[in-house]
Every structure is written in structure tokens, then in C-alpha cells.
Amino acid sequence: MALKAGVVGAAGYAGVELVRRLLEHPDFELAAITSDSDAGVALSKIYPAFAGITDIEFSNHDTDVLRECDAVFLAVPHTAAMSRVPDLLEAGVSCFDLSADYRLKDQATYEAWYAPHTSPELLERAAFGLPEITRAELDRAAADRAAGTPALVACAGCYPTATSLASYPAVSAGIVEGVVQVQAISGVTGAGRKCNERTHFCGADENLEAYGAGTHRHTPEIEQILGLPGRIVFIPHLAPLGRGLLSTVTMQLTEQAAADFSLAAMLERYTAFYEASPFVQVLPEGVLPRTKSVQGSNCAHVGLAWAKETRTLIGIGAIDNLCKGAAAQAVQCANIVFGLDEQAGLAHMANPV
Amino acid sequence: MALKAGVVGAAGYAGVELVRRLLEHPDFELAAITSDSDAGVALSKIYPAFAGITDIEFSNHDTDVLRECDAVFLAVPHTAAMSRVPDLLEAGVSCFDLSADYRLKDQATYEAWYAPHTSPELLERAAFGLPEITRAELDRAAADRAAGTPALVACAGCYPTATSLASYPAVSAGIVEGVVQVQAISGVTGAGRKCNERTHFCGADENLEAYGAGTHRHTPEIEQILGLPGRIVFIPHLAPLGRGLLSTVTMQLTEQAAADFSLAAMLERYTAFYEASPFVQVLPEGVLPRTKSVQGSNCAHVGLAWAKETRTLIGIGAIDNLCKGAAAQAVQCANIVFGLDEQAGLAHMANPV
Amino acid sequence: MALKAGVVGAAGYAGVELVRRLLEHPDFELAAITSDSDAGVALSKIYPAFAGITDIEFSNHDTDVLRECDAVFLAVPHTAAMSRVPDLLEAGVSCFDLSADYRLKDQATYEAWYAPHTSPELLERAAFGLPEITRAELDRAAADRAAGTPALVACAGCYPTATSLASYPAVSAGIVEGVVQVQAISGVTGAGRKCNERTHFCGADENLEAYGAGTHRHTPEIEQILGLPGRIVFIPHLAPLGRGLLSTVTMQLTEQAAADFSLAAMLERYTAFYEASPFVQVLPEGVLPRTKSVQGSNCAHVGLAWAKETRTLIGIGAIDNLCKGAAAQAVQCANIVFGLDEQAGLAHMANPV
Amino acid sequence: MALKAGVVGAAGYAGVELVRRLLEHPDFELAAITSDSDAGVALSKIYPAFAGITDIEFSNHDTDVLRECDAVFLAVPHTAAMSRVPDLLEAGVSCFDLSADYRLKDQATYEAWYAPHTSPELLERAAFGLPEITRAELDRAAADRAAGTPALVACAGCYPTATSLASYPAVSAGIVEGVVQVQAISGVTGAGRKCNERTHFCGADENLEAYGAGTHRHTPEIEQILGLPGRIVFIPHLAPLGRGLLSTVTMQLTEQAAADFSLAAMLERYTAFYEASPFVQVLPEGVLPRTKSVQGSNCAHVGLAWAKETRTLIGIGAIDNLCKGAAAQAVQCANIVFGLDEQAGLAHMANPV
């Protein structure tokens, strides 16, 4: 019997990608998709790619159907998730939140970057959703769920996902000193469905720009995942493509680590680290990731380079910001939490060209 | 036991899309992929999207493995297919040719537009591969194959596919008079993998142009499918996107047909015509096709508009030129010929955004 | 002493292109730029390309400065222009309107396609602004202005400009029969500054679609310019680029004209027709226009092709929809009306790559 | 009497941009444009934007006309320039080299990164061409030329230009410690006219990738300009746009400098530093550069941000890689060397949208 799934905020970009993934998932049955602004409207009317595939209509956010689901995925802005999760958990629904609301373990940090937290008691219970790095937390949530306590998974942000995959194996080796610079570039779907000067085609086309330089909210999240409090400077950029996110991390090695350094050995460390993951590919020496290679798929490509003169290890991660950076990774987390095949509904590869 | 499939010309764009489709196909096992220029090279080296998915390497075009396949898909330029198909058929291999070599029933027409034909005796046997319109030919080929005669399917060209889907139900009603104008726009993958001024990013980006205006080789093919010899003027255009093809057909109705005309009724006719097809969607009145809605999928979206003043019925068809316009449609044809589920390996929908 | 110019609706795309042209114009001095929504804001704040170039701020639409100008360019939506032009003319200001308000000579036609006309008495006086075709009207307006009556110029629309340049010399030869099909493609700046699903980068990127098929307001305008009432079917399309517009016109020649037809001769006729124009280039036989070749400039490239079988002459015109299709052409009209060098402020060529 | 100019390598992207600049230059007359592969071909045949503007044809690289020019601009690959410059200087021609051949003051450094130097004796004489930073060298070359010794100007590379403009005022204050990270993104024109997998539209479109990470040849050039030998790690990226280059520089300040740091004060320092430059705009606090704002113009926009926690000053520079990053800057250098108005031929601003 299929597991029932619901998507809150299904009219947004991450939300509709979730809908697509769940429709193609062999074990989940899509029970409800909600949107405040588009309630009552057919999904295929807003997203014609669904024409002939499903007649499903958006429901209102407060639909009771959500409470009958096994899993609800929330793709609404921060604070909006916080207002719904406690009730859903209460009703026995496992929640997979794509917002930042439950990602940061430290309430004060969350509140410094976002807003007052209305259910901080759930922070400890929340499992951080970046399987290749926080698998233990997801396994714990899976065990809890099997024992009767619905899971709460705080799915990682897009920039933190690509950044961490590109740097965690090196950072966790304890060989990186000082500040770590993260410069990332994202396609415009990362900016969301709302229209403004920046997301208007005529603003984004043929343009490159940085935004939130050094002040972006993903900074504390990256610091938390990598265990580098106060040591991350993060600068996101916008480029003229739809989907795709490339994160380039510069890590200065300690003098000792640099003296011994072998790029081949580090690539082996990365490869071993991601051995068990069906989704992360560590590219051969000399080959750097291309976002197009993973577009539309839950895969991540990771590559390394070594700038010997400055003792800088460069880690680069490429993902599709809506897939591995949001919706597909959320489904991957749900697969783990529900004890399903980790690749269920996630097998389709990127267009080769 | 899985059917063995081979792809000749697998390093080109249509070829590599075939590879991806066959890798994901539940009933076909990819036995060989060939390329003259890249023989011996790993597929994932040329197309990194395959990294971690397959280790397969390109073989030389003349590999014996092809002769052991149940089906061979040829994605090589015209005349190149002609030189290989007879031998493959002889060896019992069903051939699915993506070139124009066996599409035109009339040898003289083929030779007027392309080159001397080296196996014209096969033209009659060849089944034209546009399932929604030439299903009977494909069913015949399926029956022949089941009876021991390998099939030869000439898969429709990309522009003829979108054009015909957009206009056949109207044209076949016998209500169209005079010349039919076809103006189509394609993304750059349609121009192929070869690099030149036109396909260089800096030539194609931010540019619109027509090419082969009124002289394009797809003209006789469209005339053949629609049964309108000498009545098609076809003008293709290039636009700055990768995949996507939109064909806009203007059909002037006879005075009588125009007097009675009802757009709603014509939409019903189209809908009924494509009822049995899992891949063609006729959009509601007032909604016109968007290529993005079908990108990466084997679907086609068709829409109609009526310009009463000039008695012009406008039919518009949107496809992904590498999918429904080439590789995915070829697989759809193979599914029919081999008696498989018509949607096998073709279920994945377009990215919703 | 410099002529004073004002721009109403200067925050829109055509408006800001006008501002740039007037800032670079040797004979005009920009006295006021107006916007209702951005009054009081610095131009460079909304359009950073002006940083360090000008400090000018938007004024309110009702600023008295407009009444002191020699010329006011109106880049506001239809009906908005109608409400302002009479007063400005009264105050002695020559008006160059980029909306449709005064383009259609026939009031009934305007009202059928747009809205009730509030100053139809001005329709006869209005000079249609497409210099290469309606030069006589502009020369008359110039003479009137010199004699003391301010000019009213209704600048041609973008699609009608490219379409007419591509077809007028042939149509005016009286050799075209039946319905003329116009299929055009435009970049997204043509859709204007307002944000919606269609203009959002993630909606327009990697997408092709038709809109207003057979029902677009530019239909009567094209019919008027070409003198083909009820004989135009016009289908615009949107493609993923910022600026650029390509119009492809299919004209069926009479049997007699077709029998005698020589493409070389027709190209000569076009070349002679545009001889005096510094801005229109008729390309050599076999070369078709590319929008990139004219992007950012007031130039138009025109090319022809001949589909003999169907007696179809194909005319193709490429322009920059904001330049020759709007603002730059308006300045060209002003140059004529004020007796200035026709190329004043319009000499800069397109980026070669 | 007009100065005679020649362009060697005029068929490449930087070369043809030079041709356009010189055609529009009031003081230079274009005497010869050379190309080995396109000798004898009309410029407008390869770059249709020139249709109707000039009939000039490419000459062979060895044309004597070059020796009669006052100035020759070389837009050929490194080592190709080296082979031509000595003769031209000998003939009294001032040379403006867009390659790296004479940029690096230290011969050993050049040879470590490029190739053996065939005229190292010219390295000392060569003036580095980045006016806002190395003005003194250009003034010296101007004086020498006026006194009879032709000038040799080594025009700065594109990445080094944007990078240095974004960081020099801070670095020259002596407050930056350790390694400086430079992550830059460029449009595809930066990769040049040659066609390959990376520059094919279907490779570059909808894709982000890094290349030459930590090993790019512009590293020593950036180190030289900033006076930071061995302290630069430079990672360039490719994004799907034609023209545009954004360089993001992270500079860690010393503890003392950080304690006193005021972003407003640093912006004042930058503004004062570029006061005399008509081309460099320092944006207000909180506003970051957009490449589109300077596309097609010789302008550069510079912005700053401060990440206090990590003591990181972020400098961002946006240019058009073919203009301020190559051809237009070369013309700016020539204007200085020939004692012309520094803005001659360089006044046209970017498209506002």
C-alpha cells in the first residue's frame, strides 16, 4: 500500500519539483498539494508540463488531507514552515522541511539570521537532511519513525549542499586552517517564483552579479555542517541559466598538510567518503564539474584542484539547485526515513546534452 | 531476457540521447555504441552526465556486436545509414534509422533532395516512424518482425514531426486549400554537434535567424506525411536555446469549411485523433504550446488558433527536437515494433520549471 | 542652442532606450524624464548602466517642464498617450508617440482593436513614423513644424516595422495575391518591463512559444502600411533573448509574376527602394538576416528567398525591437521633423560579436 | 590629419571589437585589418554587423600597410605578437599588444607560464596598459613617442583588469594579509572564436563550470599588478552569456586594519582613487556591480562588501571582457599615448536594458 504524501507550497519552484518527483515515485502516492494563492487551480494550468499527466488541483494550505499523510514536504518560506510543522508532527505526519526553520541546531543563531523561533523545542529532534554527510541523523529519524515517532527532517539548503559536498572530506581531515572562502553561482530558479527586477528575464539575461556578499543566510548553515564557526565567508552570484549551482571552495591547508599534500590521495579520500552514495560522483583528476551534467537529476559532481604556491585546495561542487539542492534531496531523505530504496523515484539522469 | 540494442553514431546529439533512453529502458540492454571519431573513448569522457552511471566505451562503426543485436538505432548522417542498413537487415537486425535515407517513399524525390540511393529496393519495406500518424506501417513492421523479417523503420525528422502533429488532423479532413506555410523554430541541438559559426555560442546566443528558407530538405517529407505534394513552403529558424522545437502551420480553409468553422469542434477532432496516444496533448482552446513543457520528454503539445478574417487555421506543435523529434520517438517506434509497452523507457516528464 | 526633449514613461524599456539615445544626441538636450511609479528616483538607481553618466531623476508625468520642450517622446501604453498629446500639441510641443494611439488612420479600426479614441480629430494630422516607407508624411510634418504647427508623429510598432521593411517593396509592386502570412519572433524586452509568468527568467529561458496567434493588435497596422486590408495573418512568438526581432513574411506571387520572377531582380528592386536610407541593408542573395547584427543599433537587415514550387517570395527583416522597432526609430523621425542630420545620435553600430 | 591604425588578428573577437572601435574613432583611420585564415575576405561577410558600414577586406598578416601605420593593435595569441612587434617598432609604429607577450616584467615568469621569449629586451620598455593603475607607464610611453620612439603598450588581460580595479585601492593601502582569492566568471566570448566542446552553444548554454582552477596564466599578471607575488589563487569560471566578466576578490585584512575598518571610508578611498577616471564607477554602499550595466562599453563598475566576522573585504569588478577587458581599453591606452582625448571613440554607453 502506497505511502501518502503531501506538498505544502507546491506552486513554488522547489514545490513543483517535489510534485514531479512524488508523481514518479513508486512508493509514494500524492494525496494533496497546497498553495495559498493558487488554491482550486489545476496544477497543469500553472505548469503546463503536467498537461495530460495529472489533473490534480491545488488545495488550500489548511486542508485536512495533510494530516492524513504519511509524509508532508514543506516548500514554503522560513517561519511559514515553523507554523505548520508542530501540528503535523502531532498528527503523526513525518515532515520534510525545505526551509531553514529547523536546520540550525542553535536557536540563537537561527534567530540572529532569520526570525524568532516558535518551536525551538523541536530543534534537537530535527534531523539535518544532507544524507552523504549527516546520514546518522537520518538513520536515527528512520528508527524513531519505525518506533512510532514521526520524523522531522530539515533538508539542507542548496548552496550549503553543493559547498559541503565539495569540502567536507577535506575539512573533516583537520587540515584546513583559517578562513574558508565559498564563492558560488546559481541559476535563476534559485531566486524563486516571485517576479522582480532581478528575476525578470531582461534583468537576468546576459548578466552576472553577486548578491548578499558576505551576508547571506546560508553562511551559518555552511559553518554548522563543516564545523567551522565564524570561519566561512560566502558570496553567492546569479548567472543567466535556469537550473544549476556551482560552488567553489578555497581551503588553505596548514603548512604541514601542504608539505605532504597529494591531490591524488585527496581524491581517493573523497572517493572513499562518497563510496556508499549512489548520487555523488568524484571526478577524475584534471576534470572539473559542469552543472549541466547533473541538471534535472539528484546527482552531484565534485572535483578538486590544487594551487600549490598558495597551499590552496580548491573544491568544486555542481548540483541542480532544485534537485539535489532541494526537492530531490528531500525525497532522498524520505526514502531513507521510510526505509525505501534510496534511489526510488530518483533514477532519471540528466540530459546528456 | 533483455533485447540487445546498439547505437551507431552514438557520439552525436541524437545518438547520445538514444543511449540515455536505452540505458533507462527496462526491456533493452545496450550492447554497443559506435562512433568513428571517438572509438575507444569512454562515453562519460565526452558526456560527463554519464559519470558513475555507465563505463561503456564507443566502439568502431564496424563492430560485429551490432550484427548480434535485436535492434540497431542509426544516428548518422544521410547516406551513412544507407551504407549500413542492408547488411544489418541481412543479419536479422531490426533497424531504426534516424536519418532521411528511408523516409521518402519516392526514390526520385529522395535523390532530388539528397543523393543517389544505394538500396532503393528497401524503400517500400521501410515503415515511416511517426506513430500517431503512420501507426499502420509500424504495426505491419511489428507483424513482419514477429514472423521473422527484421523491421526497417525510418524515423521521422524533427521538423516534420512537430509540423505534422500540428496539422494532420485538419489537413486530413480535406478542408485546407492552396499552399500551407510552415514556419518553425529550433534550438541549437538541432544543428548538431559540429562546431561552426552558427553553432558557436557567440554566434547563436542572443540571435534569431532563418536558414534554408523555402529550400530545406524536410519540405518533401512534410509534403509526403500530409499528402500535399508541391504545396508546402517550409522556413526553419534558429533561436538561442538548447533543446526545443516549435512549428507554426498556417492553413487556409476553403470558403465552405471556413463558413462552418468552429475552433472548439476542430479541437475535438484533434483530441479524438490523438486519443490513443499517450504522448500527444491537445491543449485547451486559448492555450498555446510551450517547448519547455515538453523538454526532455517524448511528449508533444499541440494547440490551435483561428484567424477568421483570412480563413486561416493556425496549428502549433511543440516538441523536444532530440526526444519526440528524434531519439525518444525512435524508441517509441521500437516499443511498437517489438510488442513492448509503448511507454517503456519514455515515462519521465519534462522539468516543470 | 540645443532642442529640449522630454520622455514620458522613461522607466519602461522603450522609454529608457529613448533616454539613452537623447543623452547621446548632439542636438537634443534631455530636459525631463517622467514616470508615475518612479517619480523622484534617480535613473541610475533603476538602470545602473547610467551610473556616472547622468544624475537625472524621474519627474512626475504632469511636470510642467514637458510643456517647455521642443519635442516630447511618449513611451506609455495606448490610451495613456492619447490623454496627454492634445495638451502638449496645444503648448507647441512636437509629439513622438511610441504607442498605437495615432497610428491607425481609421478611427473605427483603432476602436475595434484598442479602446475608444479621445482625440480622433488628430488622426489625420498624425504622421506615421516609418521613415523608409512613410517619408512623405514625415516631410509634411517637418514642413508644418517649420511653419509653426507642432508635429504629431505616430511611431510604428516593432513587429510592423520589421514586417513592412521585409515586404513593402514586393507588395507595392502589385504582384502579391491572397493572404500574406507574417510569422515573427521577438526577444523578451518586447513584452515590457512588467513581471509575470511569461517574462520571468524561468518562464522565458529555454522556451519558445507563440502568443496572440492571429489576433495580435499589430495586424491592422501591418495591413495599413502594406495596403492589404483583411489580408494579413500575423503570429508573433517569444524566444529566449533580450533584444531582437525577426519577421518572416510569406507572399504568394500571382501566376504571371511568378513566371517572370527573378530573385536577383527583386533584390535590386529592394536595394533601389532603400537606396536613400542609411539604416536599411538589403543583404546579398543567399544571405539571410541575423538579429544580432543589428542589436543596439537603428539598422535593419532585410533578406529574400524564393520558393519556386509554391510561388512564394519570402521576405525576412531583422531589427532590434527597442531600437529600430521603437526608440531609435522615434529619434530618426525626430531628426527628420526637426531638419537635423537623419543619423544624428544614431551612428553607433551593433556589437560585431 | 588622421592617424593611421592597423589591426592584426582582426577576425578574432577582440580583434573585431578593435575594428569597430577604430571605425568609430574620430582621430584614427583604419588602414589595414589582417587575418591569416580570412585574408581577401570582406569583413562584413564574416561579421554581418558591418554590412553597409564598411567594405574593408582582411589583408594578410604580412601586409606592408602595417609598417605605414602610426599605431598597430595586435589581437593575436601569445608568441604571435612577439614575432611581429620588433619589426613594427623598428618601422616607427607604436604597438598596442593585446596578448600577454609583453605584460610580465620578469622574463623568467613569462617563460614559466607561456613560452620562450624572443624579444625580452623590449620587456623593460613596454608600458603596462591598465590606465587607472599604471598611468605613469602610459604617460612615459606617450612622452617617448612624442620624442620619436614608438610606444610599446602591453594591454592588460581581461581577468586581471576586472580583478585589479576591484582590489588595487585596498591592497595598495597595505592592509591585506595572506593569500588573496580571486574567483571570476566570464562570458563565452572570453574563450575566443575557435569552436570546441566548451564554446559550442550546446556545451556552454545552461552550464556553469570552472576551468584552469588555480593554474590559469593570468595568475602571475594579477600578482604583478597588485604587488602580491605568490599570494594569488585565481579560479576563472565560464557562464552562459556572450560578453561580461565579473571578478570577486576576497581580501583578509590584518587584525589592526579590521578593527578600524569602515566600509564607507574604504568606498571613499576607492572613489578618490578613481576620481580622475572617466570609465571606472565605484558604486554606492550596498550596491553591487552587474556586468550588463557595462556591456558594450569601456566602463567598469566596482563595488565592495565587508564580512566582518572573518575580517574579509570583498571587492567586485564588472567589465565587458572584450571592451574594458581588451579592445576598448587598448584604444583608451592609444588615446593616452597619442595625446588624444582619453574618451575619444569610447563614449557610447551600455544598453540600459
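Labels for the chains are A, B, C and D, by order of writing; each one numbers its residues from 1.
By our rule, a contact is a pair of C-beta atoms (placed from the backbone, for glycine too) under 8 Å apart; a residue touches a chain by one contact, two chains touch by 3 or more.
This one's a predicted model, so the numbers in the text were calculated from it and none came from an experiment.
Touching chain B and chain C together: A, D. For chain D, the chain whose average C-alpha position is most distant is B. One simple way to say how far apart two chains are is to compare their mean CA positions; for chain C and chain D this gives 36 Å.
Between chain A and chain C the centroid-to-centroid distance comes to 46 Å (mean Cα coordinates, whole Å). For chain C, the set of residues touching two or more other chains reads 13, 189, 193, 202-203, 205-206, 240-243, 290, 292, 353. Chain C contributes residues 178-179, 181, 183, 185, 187, 202-203, 205-211, 213-215, 230-233, 235, 237, 239-246, 248, 250, 252, 288-292, 295, 303, 305-307, 309-312, 314, 316, 318, 353 to its touches with chain B in the complex. Across the complex, chain C is touched by residues 13, 46, 188-189, 193, 195-197, 199-206, 240-242 of chain A.
Within the complex formed with chain C, the chain D residues making contact are 13, 16-17, 19-20, 23-24, 47-53, 189, 206, 242-243, 281, 283, 287, 289-290, 292-294, 296-297, 299, 301, 322, 347-353.
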